[in-house]
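Should a chain be cited, it is by its letter among A, B, C and D, assigned in written order, with residues numbered from 1 in that chain.
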Amino acid sequence: MRFAPTEEQTEFAAATGALLADTCPPSAVAAAWGGEVGRHTGLGDGDGRIRAAWDALVEMGVNGILVPEQQGGLAMSLDHLVGVLEECGYSALPDPVADSAGVVAHSLGQCSDTAPDVGAVNDTLAAVAAGSTVVSGFGSSPLVASATTADTLLMFTRDPTRVDPDAPADPAADRVVLLDRSEVDLEPVESVDGSRALARVRWDAASGACVAQGSAASALTDEAFLVAALADSALLVGLGRAMIDLTVSYVGERKQFGVPVGSFQAVKHHLADAALAVQFAEPLVRNAAHLMSGGVAVEAPGSIPTDSRSVAVSAAKARSSDAAKKVTETALQCHGAIGYTVEADLHLFMKRAWALARSHGDSAFHLKRVRRQLLAG
Amino acid sequence: MDLTWSDSEQAFRQECRSWLEGNVPAGGLDSGDTAEGFARHLEWEHQLHEARWSVVSWPEAYGGRDASLWEWLIFEEEYYAAGAPQRITQNGIFLLAPTIFEFGTPAQQDHYLPRMSAARDLWCQGWSEPNAGSDLAGISSRAVRDDEAGGWRLSGQKTWTTRGAFCTHLFGLFRSDPGSERHRGLTYFLVPLDAEGMTVRGFGRLDGDEGFAEVFLDDVFVPDDDGTTATMERGGILGGVDEGWGVAMATTSSERGLTLRSPGRFRATAARLVDLARDRRGESADSVLDAVTEAWLDAEAYALYTLADVTDLSEGRSPGARSSYNKVFWSEMDLRLHRAALDLLGAEAELDGGWMKGYEFALSGPIYAGTNEIQRNIIAERVLGLPRK
Amino acid sequence: MRFAPTEEQTEFAAATGALLADTCPPSAVAAAWGGEVGRHTGLGDGDGRIRAAWDALVEMGVNGILVPEQQGGLAMSLDHLVGVLEECGYSALPDPVADSAGVVAHSLGQCSDTAPDVGAVNDTLAAVAAGSTVVSGFGSSPLVASATTADTLLMFTRDPTRVDPDAPADPAADRVVLLDRSEVDLEPVESVDGSRALARVRWDAASGACVAQGSAASALTDEAFLVAALADSALLVGLGRAMIDLTVSYVGERKQFGVPVGSFQAVKHHLADAALAVQFAEPLVRNAAHLMSGGVAVEAPGSIPTDSRSVAVSAAKARSSDAAKKVTETALQCHGAIGYTVEADLHLFMKRAWALARSHGDSAFHLKRVRRQLLAG
Amino acid sequence: MDLTWSDSEQAFRQECRSWLEGNVPAGGLDSGDTAEGFARHLEWEHQLHEARWSVVSWPEAYGGRDASLWEWLIFEEEYYAAGAPQRITQNGIFLLAPTIFEFGTPAQQDHYLPRMSAARDLWCQGWSEPNAGSDLAGISSRAVRDDEAGGWRLSGQKTWTTRGAFCTHLFGLFRSDPGSERHRGLTYFLVPLDAEGMTVRGFGRLDGDEGFAEVFLDDVFVPDDDGTTATMERGGILGGVDEGWGVAMATTSSERGLTLRSPGRFRATAARLVDLARDRRGESADSVLDAVTEAWLDAEAYALYTLADVTDLSEGRSPGARSSYNKVFWSEMDLRLHRAALDLLGAEAELDGGWMKGYEFALSGPIYAGTNEIQRNIIAERVLGLPRK
């Protein structure tokens, strides 16, 4: 029994964190919105990318963590990736690492032998490891972040958040394809987070290179959705930690009534509660990553029989989303008026958290998934 | 209990509703916190004034209708239900005007109030300073006496001044007694933003609008009041020199000020929320629909609570302690209403639409006008009677 | 427009409060548990009655507030009664005023002309005003407080909390009867609140004096259930206020770390939140009482069309139950260890609140009723 | 990550499970906080001891099995899952024993520990006093030096002493330096409850059980330690004179003390809650079923969090700051678990059954062992680094 990352995983994540501290300071995140750095007077016209950070991560091998060795990757596991994603969240990196190195690499890796178009799958895997940007979307016209700068899109016909679990869709109708950016119709839309570079993607399910169809596509969709929700969860934990640290630092300095704001018990308890929420969300994320990496769930007496991977991911996404949302409000309240401006860095983190907390199923959606399994028997 | 409206109140409501139906701009206006939006809002304020809806509870002489508190509530209900634009004149009307009514000289009242109701003067507040936010008594901007010139010279910095970038005048507290500390030695000044020595720098609010401003004052001259219009146009003092704290406090707790926030706005939001929930019922989790129901109940409870407050006020009883609860409740209710809406929207919530903007705006509620932490201290100490130390 | 009790109502309630302060101090409530006053080492063997308080209330006319004048009552309204019930809650009076003077008087008053057994109905109304104890129960074997000392029971065959609103029961099957205590089977059961003198009542729907049957019984059951939930709500508001007052008093005196416990910001904010919950529950109770008294609901633009009486009562019960439950936990936490004993009076109020918060539908039940109406259209 | 159990751990679990299956009293025992219940619990403790399950993580010499922390976790899981009785020896084993292991002399360890594991000595804690609850340093019970008799004389009053009415011994802090204040000048004493001058008065806990006691000490004599059994039977001192605060604190934060509360109890409660929810699904509102799910998630999260803690401890890393979070979380989780159950029960919740008793018990969690308000201060100040003043 060992519930902790390996030393190698810890070191890799720490190295990523150090790299991002250099290449992705808040000013760079602000720049990714477009406009004058640190002054946002409207929504961004930036492309949501910090090239220096992306290039450094590619060089470090982050993008190939899940890519098989044959395609130039590190052939590591999601266990490994979540630690890195927490660091990406901590620095509010806007680049689509979770998508490219996570959802896409994992999904394509699952069908590098079985896909109708094996060539496209393996070429794309190799491209991901080498730094190509591939993003993913679920449904016929999903919102996709960073789509406008992506080289390729991995598209799933079915959006699992839109399906009534009492009347599941027909698996035979599912299809997963790879499309060049030029093959889809992109409509940029404004997100509250200007660095998301969000677009609505309209696409033709009959086009592109086929990755899977029918029941294989159905299974792959479910799997990819779990990875997407898990990756969001890891980012949210990192964002939560960052906002707590930013706030602790601010309230330790800011004085009112002759004392630091952080010395008031109300502020202390707000922050303690925020920290509690993040603390107890993180083990759920780590556990979900372990199970999604093929690990076996902890055996304990009286465990409720559930599809442990699905429940573990939903637990992680529900709690990390709730924790991050709670932290945004706590952080803002403890900052006071300065937090309510774009002069403080806090907004860059809050807005990302608001978006990710509701992407790939919000806490209510995932809670319902857990409840359905838990109380079914 | 009698929860029916009188015939004259019904008639007032009808008049109000008809006018709004005929005049509220279809599709609403863009935010009043951008330069373009502000200009359109200003037109709307002039339109309201011309039809005598800008300040219904004020005397007719100042552009009002002498409306009762009940009628004011009705106006607010109809205004928000009609989806009419946010009021860019709000800070003047709610925060400054009650003070002018109570402390202004007749000449000041005659000069400032009609210009305010007509939206000719647009007032922003100058309470907060970089080091005086929650701790308002920490003000360090100063007013130095200039006997030779016959007036005061103001210097310092005000910040988080809502719509400061677009307004024409500022009201706020300045330290007029240089040796004073905390609440003492402050004076309540009125001053035009185009005065010499005044610099306004707009900056971005959370939602990206240029709603806030920093105002830098460098030796801005405010002449002594001689009762002439020419002098009042250059600013003045409300209440006595060094008595600013008492002047400001007397009306921040005014029933028409921030503590009695009319329920109309929240009920209108709740009604829109329920519409959204009905649309999205099939695809929403139970917990979200429960949150919608709870938020709607909040709005109902708040509306009824307000009726009790207004009954007390109308019958000459002070709601006193009761009103301390209002600000905490409405500000957190506003968050619950918007959170529920965003949860209904799910992945679409991040789109920069009305609900997200509304949520961002609602987030300021628990902070401004005395943080909710301070409000809870007040409830505990002044209402419940817990020991201060 | 006037949202306030009349002067007469205010004075009547204040007089009731003064009377109860004399006749129903915490020591008397403790005595109603049975055992040595102020020392409860197990569940009570008392009968849940404070005779002196009951007799004084009867003399004052409280029990006849809703009884028509012909039967010796005051022919007043529920508007009037809720203020009195808040006072009963405030002093944790265990006697069944809410039942006798509320549910029973209101229900019988509704059918004093139409009941199959008009004689029994009118005799019972007169008896209620004169101080007879009549309690009510919903369903075939409900839990009923104070049943063991009741003269008469008003029993409804249908328990509205047990009916699936998607498949309502057959109204024709409903029946409402009056039974002497000797006509029912009483099984005393232990409640967490020893002064509840709780019993499970088993009864034969074919026996007793018939008050209503068929659709009339169905309507009467719905009406009586609303009154019961409303009466509980008023008691809960009173209990909430009492617990806040008890706690404020205690934390103002109790010192730790050299200062009163009540000077800590965390304690202040706990109590402010508790007070907020009660403050904003009370207007819902008053509004529901007004509507149940035949009053017209406030007209406002954009109001959602609902059965306003039913929604108003459910709103009141949901919020007063939640508020009272919240107050119990806050009061206990602020008391600290002494609150966790039966040496302090607090437990008498907490336990009553726990029982009433879940009688006649808990907050979840009533929230669901509101939601059903609100989101139906 | 490796969330599998080793073969030897599996074997340990199997042995444990088999024994419990064969021995746990069917239908459970009545509360250990009544005189009758306590007697039956005592029998159970003796039974546990004989089978060497009473203190699995202790050395074999003292009645344990030298079990690892992982095995201890397994034991706790199996114990609670089997519905085995609450441990009336808990205060001794969790609060006192770690201190004896760390500060006791070899003679004290040899004397007290075997008697504790065998449930021959039953220890209650004597920390709280009427005016020293949350503020433990406010202790005023005193230990006066009696050089002539060669020992100390204890006087004062301890209260909220769990099961004090039934235990045989008390451990606690006494002010040995009469001029001292706050944390200084306190000494950690062990003393039998049948000593002369000792009066124990039981009083009712919230749930009506006589679980609490007040202990009055009037000149109770504790002889100086001469290493003999006869002396130790009359009590003693742990650690140095006037050093009691450090001694007590060193082990209140012990990993086997209150901060690392084993998840087994909560997971067992969660499993029972889920069973109840399945039974009552049809008649329960969605919001209650959501609350059940959230509470179950809490128990999962807490179990995983604990695995991370134990991994750190097993690998020689201190979980340090992490452990500060535990007590707030488990105590409030325990409330959420029980609230959800009561809401499932609806009108039947008031019946004085297991869930209501469990709820009443859970209510003490956020109060004892340092209120959650104090715990949150600790998290904020010591973990997050917020300023004390």
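In the analysis below, a contact is a pair of C-beta atoms (placed from the backbone, for glycine too) under 8 Å apart; a residue touches a chain by one contact, two chains touch by 3 or more.
Since the structure is predicted, the reported quantities are computational estimates derived from the model, not experimental observations.
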Between A-D and C-D, the pair with more C-beta contacts: A-D
Please identify the chain with the largest separation between its CA centroid and the CA centroid of subunit A. C
For subunit A versus subunit B, what separation do you get between their C-alpha means, in angstrom? 39
Per the C-alpha centroid definition, the whole-Å distance linking subunit A and subunit C comes out as 50
Two or more other chains touching the same residue: where does that happen in subunit B? 286-287, 289-290, 373, 376
Hunt down the residues of subunit A that sit against at least two other chains at once, touch-wise. 264-267, 269, 367
Once bound in the complex, which stretches of subunit C touch subunit D? 39-43, 142-143, 161-162, 164, 189-194, 196, 198, 255-257, 261, 264, 266-267, 329, 332-333, 336-337, 339-343, 347, 354-355, 358-362, 364-365, 367-368
For the subunit D and subunit B complex, residues of the former touching the latter: 286-287, 289-290
Can you check the complex and tell me which residues of subunit A touch subunit D? 1-6, 79, 244, 248, 251-252, 259-260, 262-263, 265, 267-269, 271-273, 275-276, 279-281, 283-284, 286-287, 290, 293, 295-304, 315, 318-319, 367, 370-371, 374-375, 377
Subunit B - residues contacting subunit C, complex: 1-6, 9, 17, 70, 77-78, 81-82, 267-268, 271, 274, 277-278, 281, 289-290, 292-294, 296-298, 300-305, 307-308, 310-312, 315, 322, 325, 328-329, 373, 376-377, 379-381, 383-389
Okay, in this complex, where on subunit D does subunit C touch? 34, 128, 131-135, 138, 159-160, 203-206, 208-210, 212, 282-288, 335, 342-343, 345-352, 356, 360, 363-364, 366-368, 371-373, 376
